[in-house]
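Chain IDs A, B and C follow the sequence of writing; residue 1 opens each chain.
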Amino acid sequence: MDSTALKASNIRARLGNTEILHDLSLDLPAGRWTSIVGPNGAGKSTLLKVLAGLLTHHGEVTLLGQPLRSYTARARAQRLSWLGQNETAADDLTVWDVAMLGRLPHQAWLAGPSDLDRAAVETALKSTQAWDWRARSLGQLSGGERQRVLLARALAVQAQVLLMDEPLANLDPPHQADWLGVVRCLQEVGVTVVSVLHEISMALHADEMVIMAQGRITHQGACVDLTTHRALEQVFDHRISIHPLANQWVALPSLPA
Amino acid sequence: MRWAGFVAMKVWQALVRIRLSVSTCMAALMVGWLAGTALAAPIQVTDDRGVVVTLAQPPQRIVSLLPSLTETVCDLGHCVRLVGVDRYSTYPASVTQLPQVGGGLDPNIEAIVALKPDLVLMATSSRSAQRLESLGVKIMALEPRSHADVQRVLLKLGQVLVVPNAQFIWRNIDLATTAAAQSLPKGLGATRVYFEVNSGPYGAGESSFIGETLTRLGVKNILPASLGPFPKVNPEFVVRANPDLIMVGQRSADGMAQRPGWSGMRAIREQRVCVFTTAESDVLVRPGPRMAEGARLMARCLASKARGATP
Amino acid sequence: MNLRQASVLGWVLLGLALLWVGLGVSVGSAGFENLLRPLLDPQAAPEQRAMAQQIFFDIRLPRTLGAWAAGALLGLAGALAQGLFRNPLADPFLLGSASGASLGVALMLAVMGGPGSVLASMMGSGAGFTVFGTGWLVRLGLTGAAFAGAVLAVLLTLMLSSGVQHTVRLLLAGVVVGVVLGALSHLVLLWSPESLQAMQVFMLGSTAFVGWTACWLMLGVWGLALVSGGLLARLLDGLSLGEATARSLGLPLAPMRLALIAVLALATGAAVAQTGLIAFVGLAAPHVVRSLVKTTHIRLLLLSSLMGGVLLMAADTLARWLIAPQELPVGVLTAVLGGGYLLWRMQRGRQLGG
């Protein structure tokens, strides 16, 4: 399964008057989990938006073998799900309604929710432990609970490619661990997951890692590779060091000697 | 001996004659002096704000910011003294040639001051009195609202302009108004009238100026005094009151018959609607010296359109 | 679940509406006064019955239903505006669309109205192209002009605020557009004094001369707007997650936004052209609904509509009742009630701004 799910070639993108991404090229393998890391302002969120087709850019993005531009909005939405950072959400919608919004790409325009939709929403809400309070309105939830609902919304799309920008925001460690479990399950069914994370230790659980700095990719490689670790330490100015611990790789801040 | 007595008598007569002429002189001088003082006495009139306005002599340059006051000044025969009027003063025709200094509520202060008036006449509801007074302009605030006010304002301005026959002028107006009332045939006393001032609908109640004219003409008003001078009524009220005659200005006359429920009203069905032109409406609405003309307009309307009238 | 709550609210509002229609037709120039007896009593004098019939059918019923229809239109417009701009302070007034609608009406009157105009001679005397005219042509013409004005205003607001992201900028742009267009309307009216008097009363909001023509027109537009809004309700739901997410879900934002603006302008224009400027109904109705039920837009639009209808009908009935036979301007009453409600909400510490 070594086909590329998402391929970006010579991407240049700007926000306002500043060029954020400088001539980027990237291959994201299918069915694998890639995490994108880098210091603040590296352009990670911008890259993710470009890959999701949400930002105008120079260059080509290919989704599942076809140019992104060639897809209709609906077709693209059925194959690619995007979870943004700091998403606004209507406080007045219930948890269930918000998760159901994830089914919009699959629903006919005037149709109500089908059984398939209901099953998808149930699965998504259960996997983020939000099922029990599906009747509550979003405004009544805490930051972490709300994040889990938004995550469920992204999961409900049941797309082949899932892009997530800071999905662990506000989540406490147990729920971060749950998220890890969800991603692993998705991988088993062949979903390509791409996540921008600033929790480096979490990011190191992925299969592949893409390291960015100042709008360019400095390294792409497997998370278990030591070269990746060295590149990571370098991009963060050696303020972190990667160590193996209990079957995982952890990034610890290196205190000045 | 007799010769001395004769001389003494002559001397005595001469002295008396001198004394008489002296006192006549003195008396003449005194009368002259008194007369002079009387002529030079300052004019003092209390305006509607309760302020005593003092003028050393009758004003030669007058600016008027209220049409009824403009008309009053002209009716007193001193139209020539007007140097500026507001934009709504349209009568007599000569005043339209004068410089316009804004409206009653929004006068152009600069323009007024530039005209160097001796006196500015305005309504009490205008807020620019203080501003003008602080610039050294003399203000007189008069706001006629009723028939009695017309007389009062006429007499006050007569005082200011030193018009001796102001009371006579008023009597003429009053008599003409009564004549208009008397010109109506007797049977019209029960006619119930609705006078619409504005689409809204705003009607003229008994306590308004128009209402007073109607009362003097001997007809009834469907809007009682308890509603105030210009109430905004529910159109249903008019339909239920079913007036015998409707008086309305041209501007709000359009589409009256199409108003919901109004087509069934007796006055509309029998076409007993008097539509007044804009110029006529001005006469009817302004509490001023043309009040008799206004009464005549309404009398004419009643005579031709009221029930029991012979057209 | 919430579906049931929403249905209950819907039925309650419909019931309230019916009840209030009953109340509304009982309030007239003599205050509260039931007309049933003269209408139904077979022994009533025919003159009395004719009068009662006329008052009931020609005056009170279209006026009361018209108040409901205008309120429904404004409630719908408010819900659309709040969903489209993702801002709980949006309403047809704050976006300037109501001022745009009144400018359209003022221009149309200045050009067409008055006894000497072309249109008056075409329609014959007495058909009156005034703001209170009752002919179909007049009302359609005025509604069309109001619609055009409202569209213009919303587009100007969007242009000025360059998009809807920035809440403060959007509201500022809306206020600016509203004030400028309002001033332009006044300018137009000064230039054509024949319309001035009627428009001044009209601007304060009034159902005084709402006849059956106006009533049917509003109900028709309401049906159309509700259906269109319902078709577009999905978009509003998606938008509530943010523009980027809505786009990622495949929703065609640009054309749908234009369609929503058109529906918003149509609803606002239809209401303003028949009853003048009535504030706060569009703002308060969706808020009250949202404080009672949590639901998606497809039900929110209908419920806001029903709520707006009840609110305006209640305000109109009060306006006619309190100082009968005189009338308070409805717009003043809704501003006092709506403003009071908003102040109360703010006191309770709920956040209204974005």
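We adopt the following convention: contacts are C-beta pairs under 8 Å (C-beta built on N, C-alpha and C of every residue); 3 or more make two chains touch, one makes a residue touch a chain.
None of these values were measured; they are calculated from a predicted model.
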Problem set entry | Per-chain CA centroid nearest to the all-protein CA mean | C
Exercise. Which two chains have the most C-beta pairs in contact?
Worked result: B-C
For this session: Find the geometric centre of each of subunit B and subunit C from their Cα atoms only, then give the gap between the two centres in Å, rounded to an integer.
Result: 45
For this session: Give, as an integer number of Å, the spacing between the C-alpha centres of subunit B and subunit A.
Result: 84
Seminar exercise, completed: Contacts from subunit B onto subunit C in the complex sit at residues 198-202, 227-228, 231-237, 239-240, 242, 250-252, 254-261, 264
For this session: Report the residues of subunit C in contact with subunit A in the complex, numbered from low to high.
Result: 1-2, 86, 231, 234, 237-238, 240-242, 244-245, 247-252, 290, 294-296
Exercise. Okay, in this complex, where on subunit C does subunit B touch?
Worked result: 28-30, 50-51, 54-55, 58-60, 62-63, 113, 115, 120, 126-135, 194, 197-198, 201, 206, 208-212, 320, 324-327, 329
Problem set entry | Residues of subunit A touching subunit C in the complex | 49, 52-54, 72-78, 80-84, 87-90, 92-94, 97-98, 101-102, 104-105, 107, 109-110, 135, 137, 150, 153, 157
